[in-house]
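Each of the next two complexes has subunit A plus one more chain, namely subunit B in the first and subunit C in the second.
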Partner chain A sequence: MIGDLLLSIFNADFLYSVIRITAPILFAALGAVIAEKAGVVNIGLEGIMMISALFGVLFGYWTQSWLIGVIGAVVIGVLLALLIGFFAFEMKTDIILGGIAVNMLGAGGTIFLLDMFTGMKGNTGSLVTRELLIPTVDIPLIQSIPFLGQVLSGHAVLTYLAFLLVWLMWVVIYKTPLGLNIRAVGENPNAATSIGVSVQKIQYIAIGLSGALAGLGGAFMSMYYSQGWNSGMVAGRGFIALAATAMGRGEPVGTMLSSLLFGLAQALRTKVSGMQGVSSYLVSVIPYLVTIIGLVLYAISTKNKLKKRHTVTKGAE
Partner chain B sequence: MSDKNLFLFNILRGLAAILLALAVAAVFIFISSDEPLTALKYLLLGPVVSFKSTGNVFNTTSFLTILAAMIPTIFSGLAVCVMFSANQFNLGGEGAIMLGGFVGALLGIYLKMNTGLHQVVCVLGGALAGGLIMLIPAILKVKLGASEMVTSLMMNYVVMFVILHFLNFVFADRSKGATQTFPFQETAKIPEIIANGTKLTWGFVVALIFVVIIALFMYRTKWGYAIRMIGINQSFAQYSGMQVGTVIILSQVIGGMLSGMGGSIEVLGRFGTFLWRELPGYGWLGITIAILAKNNPIFVPFAAFFIAYLNKGCNLMATYSDVPSEMIDIIQAAIFLFFAAEQFLAKYRQRIVVHNTQRDLAVQEAAASQGGSNS
Partner chain C sequence: MEQEVIVEQKDFVEQEDFVIQMRGISKVYPNGIAANKDVDFILRRGEIHAIMGENGAGKSTLMKILFGLEQPTSGEILINGEPVAITSPSKAISLGIGMVHQHFMLVPSLTVAENIVLGMAPTTKSRVLVDFKKAVQIAEENAARYNLRIDPNAKVMDIPVGMKQKVEILKALVRGAKILILDEPTAVLTTQETSELFKELIALKDQGFTIVFISHKLKEIKQITDRLTIMRGGRSMGVYNTADISESEISRLMVGRDVVLKVVKGKSQPTDTVLKVRDLEYTNRWNKKMLDKLSFSVRKGEILGIAGVEGNGQRELVEMLFNLNVPDAGTVTVCGESIIKLSQDKIRNRGVSLVPEDRMTYGIADIASIEENVISDRFSNKRFNKGPLFNMREIHHESNNLIVDYRILAKSAKQQVKMLSGGNIQKVVVARELSSQPTLLIADQPTRGIDVGATEFIRNQIVDLSRGGTAVLLVSADLNEVIELSDSLIVMYGGKIVAYFEDSSQLDDVTMGEYMLGLKHQTEEEIAKVCYE
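Take a look at the complex of A and B:
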């Protein structure tokens, strides 16, 4: 009985949807990774995703090109992140408050902007046509492998980009001079300054990149995932991304794994809520609950490690 | 003298930040609206003035509804003040308010008591629920070092969906079209101070009393001192022998209790049954208010009034012109950025400080040269 249930859940379609659902979280989570490496907390990811998602649709509609839509979303993401950076670094606004401000813009400001630009209320309705969606690609060879092909092939271009970026992010952080500087700034800004690294410049670069990534996540949401923008669309994914990063220890690969875990939880929620006798509300709790449990497990494991090493680190701050 | 100048400067700086935020709003209004002046009129004056052909008169009813709207946000503002003072970026106010409202509502529906006592029990129940839920991020922070910000954000969603589950499947009044609970008993409802439909209930008085209580707590008790000291310098607090962990948990539990209390007072005062189907948003407003109040409880009512006034203005603007009410979020975001910006207008502060110092130096030098010529 339970075996049948599991089989009906864990089929190729389901695994395909896990990957699809993970992608936007992964984008934002990678954004959190790069910011955190430079010692910057970007809690505005949620708002950036919302606003980028809106402008992705608008730019796409105005130019009738999905690609320009995505690029527009990324540009907006970078600008918003730099805005947070400007207020945090130059004006000394607490960076968490700067992030909350952008989240507010994301929640209500987007509805206002949509109304201002198009006169539409709360969602973009029919602005997104089939041609304006981010296209999907079939991967040659892999697509003909049974099961695996069904799971891995036929995703949106941006889905593949998300997973590619995990590798790219690792390369940038660990194999390039920029990555070295970012890590130096994040671990010890004073030491970085003493060898002539401009802390502020590096932090601007890092938060700008995090904005670009959140922008991609937003574009994915509105231009592929939900096929249009609506006011409840991002639904805490920016926050889940922060949790995924914390759980993935701020490392690209670890963050990808925890993002997949949340993707799985979210996919499970979609799957189970369709079943009879299951409260869709309680199922909706799963991703958020998994996040909290994940954070707890992560915290416990860090704590144990620290005990073993008998060292004091930043984590205790 | 110099202190007085700086104090004056800080007030002017705050006003400048607010004006700048309103200017940002005005720019957006002029870009987006066909009738920007009408929109601005309703935004800025609409909340207290009724425009009539015979002339403009002060609108008392509208003014009272603004005061009524402050009830939940004073509580959430106080909650954020306490938590942020201890440097705890707990964003779980939203969840705690909704939970407090829900628990207060259930007690108001299913308990049988005399009026007077019944309200108190409901509100205390709401406060208790809010405090208990905040124990989760607080304990996880202190015992495991998990970020209270992330756990509290996640908790908001968990609380919301669990409440919606119980609302839909356990406590729903099936005789109604919409999903809602059974009506509160009359003994549980919080009455208006003057029965005039403005919803200005006795909860407003309770809120003001709590402003005083929390101000005294923060500035006149050992625990309040510990909370503020931990916020300023946690290491120092630790080395001077404070029980940092306990105080951090305490600050968040107090925040949760205030939030839960605000939620239950709002629900029992404003509605006849539990209607919230999403997070009410007072938690986020509380953050704006705490920032405007610079985490000082005494300033919370003023900040709450300002935000309630703006909110009302935005709603009127949306009703009587073509500007959507979500303008409030843009104004709030701008206030956030400028008001919290330590470097905003810092040049002028620098100038005041330099000016004072130069004057002091000049006096000293004059004294010194006088001394030199004498010898």
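Take a look at the complex of A and C:
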């Protein structure tokens, strides 16, 4: 049985599915990264993904264009994130509460909105036609390489965008004036204020970007991954993204690696649950088990790092 | 008197030489505390001007007003003779004023160069990316021009405190500051770093910069300032040429006593030693020695006061006595048993009580009720429990008694503590800490910032407690309070005890000021008398 499992893991189809499953988590996780750099906790990623996913489908259907659907999802994501920001920065509510409110809106409100706009119950059914799905692309040259081509080529446009954004995010955070301001605001808001950088403006920009990324994740889910919107679709990916960000230490590349780990765990679950003689209940625990193990390892390494730093400074004294 | 000085100046100095004039500045906070009362502060171009005063004298508030962090309640500010409204730090920066705060405003994970150009970072031709080379170049050029040695590529978290301060000064200079305000710049520096800073400041002065130097260290002031303004209790005590005023004169103006609340108390009859502190040492994480072989005893029935300007190790000492921090070396015993590293609960069970300096953080839970706060050290007591539940009747009884005994003004015992006035909040703390019949009471700034009535009440309670046989250690930056309340008194300066007075009743503020500011210290033998077995 283990032999079967290994065989089914080390094949191109499986690795292809890991990348596909990772993409939506990665979008949301990058959203968490940029918010966290500015000292903002956006716990509403899950809800933003849900609502954006729905509006991606709706905009796509109304305009009969997948691209406008995706853009619509991003706009909705930005607006929702700015709303959380407005309540937190302007009305001084706890940002966690704002995030929870959006999550609840995502869980319950979407079903209502769907009914209101289309009269459909619980899923968008036939609204999403083949033409309205996010298209896939074959990468020339790479696609003809055996094995590697099967793994890397033929993904959706947004999948490539997700991995491209890892690099882009790194550039924004570490190489632009905006990134400098974002990091300053996140680490020492007083320092930013003392030289005339508006903390609030920077935090709005960061949470807005985080909403845009969650919006992309939502669009990916409904307009490609599940080929239509349904009420249980996001299934905790917004929260898994937060865990991935924590494990990735809030850095773009680290977050990508931990997102891949979660993607791997989910793909593994799908694979193993299809095998005979395995309890599907037991298997469905895998992604969550990986989350817990990952967070424990992360906590231990952080603790050791702190200890090391402490002894170094003590030694210097 | 200060009026005369100003008139005199006008005769000799051209008007345009007054780079800043703050006239009649008052600042009253919404809670009614007046931090500045009709203060005049005049800065001449190209001078190093000290603002001196004890903690709470209003020096920082005055400078916060100048830097746009606070708005004055009344008064006017003129820059180069023109009236201005300094509404924000950005406005102050645009007017050429820079401030180096006591707590650095730096981003630890960014490099020195990035911190210096933050908010005005140079970009490459694409206008999108930061030009890091250019940033380093800006940092290096300015560092060279003003002779401030820094490492532009190092991360701020890895550089020593002295360099952080230079980064702060450069931040201000790069933004075009002509006037630099330094808030207690030497408080965190070692001796070598301090003398380096002074050289740099004098060099800046020679290049035409004007520097305001907030401090209470006499020797430093004498060393580098041209003039000084002394503040006390929110008022200016006058402007003086540094060369014309003696250290003891400065000390007299700084630490004078204003109103004296008399406390009636009999002579103490100390008996057994309760608290024994021996050779306590502690170096903080900025590598500064805060406690330097500190030894003393407190006996049953006496109030031992600790006087000193804040920041001379008093806070660290109290932390060690209640396990809020662990000393590097030395012993602390209460009735012969060591209390180092014991939990606060166990320390309390040994009969130690603490009225903490920061009452809102360590003294109370502000959203809890008075009742919950006063029983928070004794709720596990059998008396207040009935099986697994609280005995609410006993608890109401206890809290209502305490409210009456300690004259806490409140609607009911259920009222949230944060709704009370400062004085009544402190009475809640005192009610809990004193009613537990402690063998040792540590009272840290027990009457800071509270009204006269509450102050008098709390002082009398402390005296009563000590006459009933409790050992009291009183830490206070309020000179009146330590002199009036203590039976004996020690003075701390630079983490050491510099004087011990067995009988504090005859002390005067001039003598005390000289010890507190480090102008005088007693011999080792005299100080060692405070150690009883």
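Structural remarks
Basically, the second predicted complex is superposed on the first by the 306 of 317 C-alpha atoms of A that agree within 3 Å, B and C clash if a C-alpha of one lies under 4 Å from a C-alpha of the other, contacts with A are read in each partner's own complex, and residues count from 1 in each chain.
Following the convention adopted for this analysis, a residue touches a chain if its C-beta (ideal position, glycine included) is under 8 Å from a C-beta of that chain, and two chains touch if they have at least 3 such contacts.
If you're wondering where the values come from, they're calculated on a predicted model, not measured in any experiment.
Using the contact criterion defined above for the overlaid structures, shared-chain residue A:T193 touches subunit C, although it does not reach subunit B. Applying the stated contact rule after C-alpha superposition, one finds that A:L67 touches neither subunit B nor subunit C. Looking at the shared chain after the overlay, A:I145 reaches neither subunit B nor subunit C. In the superposition on chain A, A:P177 makes contact with subunit C only, not with subunit B. Set side by side, subunit B and subunit C differ in how many residues of subunit A they touch, and the one touching more is B. Residue contacts after overlaying the shared chain place A:V137 against neither subunit B nor subunit C.
By the touch criterion defined above, A:V278 lies against neither subunit B nor subunit C after alignment on the C-alpha atoms of chain A.
Once chain A of one complex is fitted onto chain A of the other, the partner contacts of A:L295 are limited to subunit B, with no touch recorded for subunit C.
By the touch criterion defined above, A:M91 lies against subunit B but remains apart from subunit C after alignment on the C-alpha atoms of chain A. Overlap of the subunit B and subunit C interfaces on subunit A: residues 316-317. Here subunit A touches subunit B in the complex through residues 43, 83, 87, 90-94, 96-98, 100-102, 104-105, 107-109, 111-112, 115-116, 121, 236, 239-240, 242-243, 246, 279, 281-282, 284-285, 288-289, 291-292, 295-296, 298-300, 302-303, 315-317, going by the rule given at the top. Those residues of subunit C that touch subunit A in the shared complex are 88-90, 93, 99, 101, 105-110, 114-115, 118-121, 123, 128-130, 171, 175, 283, 285, 287. Within the complex formed with subunit C, the residues of subunit A that make contact are 171, 175-177, 179-181, 183-184, 187-188, 190-197, 313, 316-317.
Listing the residues of subunit B that touch subunit A in their complex gives 28, 31-32, 89, 91, 136, 140, 144-147, 149-151, 153-155, 157-158, 161-162, 164-165, 168-169, 234, 284, 287, 291, 324, 326-330, 332-334, 336-338, 340-344.
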